[in-house]
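Look at the two complexes coming up: chain A is in both, with chain B in one and chain C in the other.
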Partner chain A sequence: MAFQTLLFYLFGTVLLAAAAAAVTLRNMVHAALSLILSFFTAAMLWMLLEAEFLSILLVLVYIGAVLVLFLFVVMMVERHTPTIHRRRNYRIVASAVAAVMVAELGMALLAPDFSPTAQPLPAPLEYSNTKALGSVLYTDYALAFEAAAVALLVAIVGAIALTLRVRPDHHRQNPARQSRVRKQDRLRLTDGRSEPPC
Partner chain B sequence: MSVAQEMILMLPEIVLVVGACFVLLCPRFLAWPLTMLVLAGTVGAIVATAPEDPALLMTGMFERSSEIDFLRILICVLTVLILRYARGHPVSPDRLQSNEFYTLAVFGCVGMFLISGAEHLITLYLGLEILALSLYPMIAMVRDDGRAGEVALKYFVLGALASGFLLYGMSLMYAVTGTLHIGELASQLEQLEMNRVLLLGMVFMLAGLAFKLGATPFHMWLPDVYDGASLPAVTYLSAAPKIAGLLLLLRLFSDGLMALAVDWTTLMMVLAVLSLLLGNLVAIAQTRIRRMLAYSAIAHTGFVFLALGAGTPHGMSSAVFYTFVYALMAAGSFGMLLLLNSRVAAEDIQDFKGLNHSHPWLAIMVLILMFSMAGVPLTAGFYAKLYVLQAVVDAGLWPLAVVAVLLTVVGAYYYLRIVWYMYFEEADRPAEPGEDSAHVFLVSANALVLVLIFAVPQPWLEMSRDAARVFVGGQ
Partner chain C sequence: MLSLTHFMLLSGALFAIGVAGVFVNRRHALVLLMSLELILLAVNTNLIAASHYLQDLAGQAFALFVLTIAAAEIAIGLAIVVVVFRSRETIDAEDLSEVRG
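The block that comes next holds the complex of A and B.
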């Protein structure tokens, strides 16, 4: 138990430091990399909670797909760091709001009924949380699963609607038209004498 | 309940989702008629499958009760109206990407329907996200207009932040109660003692929803979005989603968190007074009609929060009635704006000058809409405000009622200014509204319904009362 607690605090510290770095670093590539680190340590925390499946999913999906895409985008756009207009009064207001939030969260998390000692009991050996998830995902949560699918479809439609641009003057290949072409449409036989261009 | 029975009760949602997919894939010229067919079919499905008793479906994640069906029908009717209004506009969906715009509009309805019946926090959140995800691209779709993209991005970032707030609040609730079912949450909270984690979760959820609804001090995005997006998108955004927002508030607070009512009613009152103050005062200074309507939307949101903040069944039913009337007024106002803008841009308040001289019938319709927004008698807006104020006074909060009345009087100024311009000022340049007779007919019908509701308020009030009863005190 002591070792696990030690690991918890280790990962927790790294997570917080990496998350703070992700929002404060000026270099976007470094920020994205520290975001990866924070996600990875979050996955390790889930592992400590015996949520192995979700933990691996976090690494595979978020780090493997989403954040790598992020990195690509960050590296594709210009490298120069954007000049951020720092307005002093915004900063004061923002820090005040942040201070209030931190105080509120601290008060809530230090409340006796929300202490981190209230950890779940270790699951029995044969318990598999992948199986447990699978048994409810398409039964108890069928509606949520379908609604999530609809949300993804809406996102795809929206993204394509915003990026697809059909220009009337755009010369694209149209295989159907290409294969419908017949000889008499394209080929004109002349008798070899020069004739004025038509 | 058997699967077949459940599917029959879910038929409206199924029709919408399948219909939206067909609208996406159909040839361009069919997109408009097919959208109308899908929405009409949905209304038909709602009416045909209305259950006698509330039924819990899909393993308790969704509730179908016929009492709130009239709000769902209203969502469909408003969507039809708005899409029809938008057709004559220079950047109408028909001239942009009709399939995509109409598909997103129908998917927005799917999100609103899911919210309307959500009995589970996950259903609620996913419904909200489907609605929001269909709104962002609709706003950004006019890509030649840099401003539309800018406000869409602003809306997207703030919307994501609000979703984060809402989710964080929900996760804190889950951490304490161990359930995501709204009914179970309500009964758990009644047994639990009050503690700081619950309070924090409640505050986060309320802040997230206030962002989404645009209540002060979370309103910053609203005037920019109303001003910068294309008129069809703003019209869609301004009417039906307000009903979804009300249903969200009722589901989460009046249903799920009733046990914490002492705390959230106070917060809602603060939001209400701030929104009324800011909305009504800043609207006076606006010269562009859209910004004025945006600040008026903030003020109207304030009224809804005022009604819910009363924390009584009376307050809830008056909130339903208010939102019902407001959605009609907003759709009518933007429909009128779309009509006046269909040939030349006429988005300044000055452009209303002398409208009575050139188009007396339209002037009367604008008059009805503006009087209703201001809450002048002979229009539904009067009753809507009256019932909210009654509920607030009944709850013993008469100082707030006095503040609300004073701010409403202030707010009446900028609505009546438009009326003054129409009737008593000379036009700088002639108004050129569209000639589309169906559009004129629909806008007129929309405005005249407001008079009808004033003349016969009882059935609408009954329906609002029944709808509010669904939410009182959980399952």
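The block that comes next holds the complex of A and C.
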């Protein structure tokens, strides 16, 4: 058995186990950590598929930012909510649906006429996955790339607009009022004599 | 020898786990989001495997876009969860059924 095949089965087992743990564990923090493990293992599988840039992107951006944000929200919410009980009868439906899906996919993929058996050539030594992907992204998919950037911007604005709240007991600056202020609002001229003590 | 079928079966199983997670955790908004993440991860793995075995970079470009949209979706989803939690002190999805159609 080739070394890559061994790695595939190792990572595949870890990936499926971590994914199953992520959706079944009762403790939400453990579930989020399992999700992180499954994403990390998927990144290793992508590395096996010679998609180095996306693999590193998944670890840095997705695990580093998104899933840690997830963990943050889980810890914030879970402290105050008792465990939500799951109903047992959903489990049967869920297993049935998952089994049917896997069976159908297996039937489709293991059919003899589905045979992309050609092994890709190993990439030459000077091949850079990042450069190749970049040259495709900035030419063929430039419009989609810009649209993705706009989608991210909308997500940023939306997330801030949803979670921003003004607390009445907080003192905060109002830049509009600050820039509207005139001299006579704040400055009072006196005639130079000190005011008599009252 | 590894082939495209291996990777596609693996990502199919991952997809099925994600869908099963949606069914099992119908009430818990955060686990619903986690299951969605797993589904998108399976789709991405599928795209990248096809990209590798068909020697076409389009698959990786699409995986990048899926990743972007998934990040945007999770940011908005978590913001909604936080807002719901602030206003009702629970994230049980079945308690959020005030609007009846």
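Quick note on the criterion: the second predicted complex is superposed on the first by the 132 of 198 C-alpha atoms of A that agree within 3 Å, B and C clash if a C-alpha of one lies under 4 Å from a C-alpha of the other, contacts with A are read in each partner's own complex, and residues count from 1 in each chain.
Keep in mind that, in the parts below, a contact is a pair of C-beta atoms (placed from the backbone, for glycine too) under 8 Å apart; a residue touches a chain by one contact, two chains touch by 3 or more.
Nothing here was measured: the structure is a model prediction, and the numbers come from that model.
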Touching partner for A:Y62 - first (chain B), second (chain C), both, neither: second
Applying the document's definition of touch, where does A:M75 land relative to chain B and chain C: first, second, both, or neither? neither
Is A:A31 touching the first partner chain B, the second partner chain C, both, or neither of them? second
After lining up the shared chain so the two structures overlap, which partner does A:T5 touch, if you call chain B first and chain C second: first, second, both or neither? second
Is A:L162 touching anything from chain B or chain C once the two structures are fitted on A? First, second, both or neither. both
Under the stated touch criterion, which partner chain does A:M107 make contact with: chain B (first), chain C (second), both, or neither? first
Partner chain(s) touched by A:W46 [first = chain B, second = chain C, both, neither]: second
Counting only touches as set out at the top, which of chain B and chain C does A:L143 meet: first, second, both, neither? first
Counting residues of chain A in contact, which comes out ahead: chain B or chain C? C
Between chain B (first) and chain C (second), which does A:R91 come into contact with in this model arrangement: first, second, both, or neither? second
Chain A residues contacting chain B in one complex and chain C in the other 105, 109, 114, 140-141, 144, 148, 151, 154-155, 158-159, 162, 165
Where on chain B does chain A make contact in their complex? 17, 24, 57-59, 61-62, 97, 100-101, 103-104, 107, 110, 114, 120, 122-123, 126-127, 129-130, 133-134, 136-137, 140-141, 143, 172, 175-176, 195-197, 199-200, 203
Using the touch definition up top, name the residues of chain C that touch chain A in the complex. 1-10, 12-28, 30-31, 33-35, 37-38, 41, 44-45, 48-49, 51-55, 57-58, 60-61, 63-65, 67-69, 71-76, 78-83, 85-86, 89-92
Per the contact definition, I'd like the list of chain A residues that touch chain B in the complex. 104-105, 107-109, 111, 113-114, 139-144, 147-148, 150-151, 153-155, 157-162, 165
Within their complex, state which residues of chain A touch chain C. 2, 4-5, 8, 12, 15-16, 19-20, 22-24, 28, 31-32, 35, 38-39, 42, 45-46, 49-51, 53-54, 57-58, 61-62, 65-66, 69-70, 73-74, 76-77, 80-81, 84, 86-87, 90-91, 93-95, 97-99, 101-102, 105-106, 109-110, 114, 116-121, 129, 132-133, 136-137, 140-141, 144, 148, 151-152, 154-156, 158-159, 162-163, 165
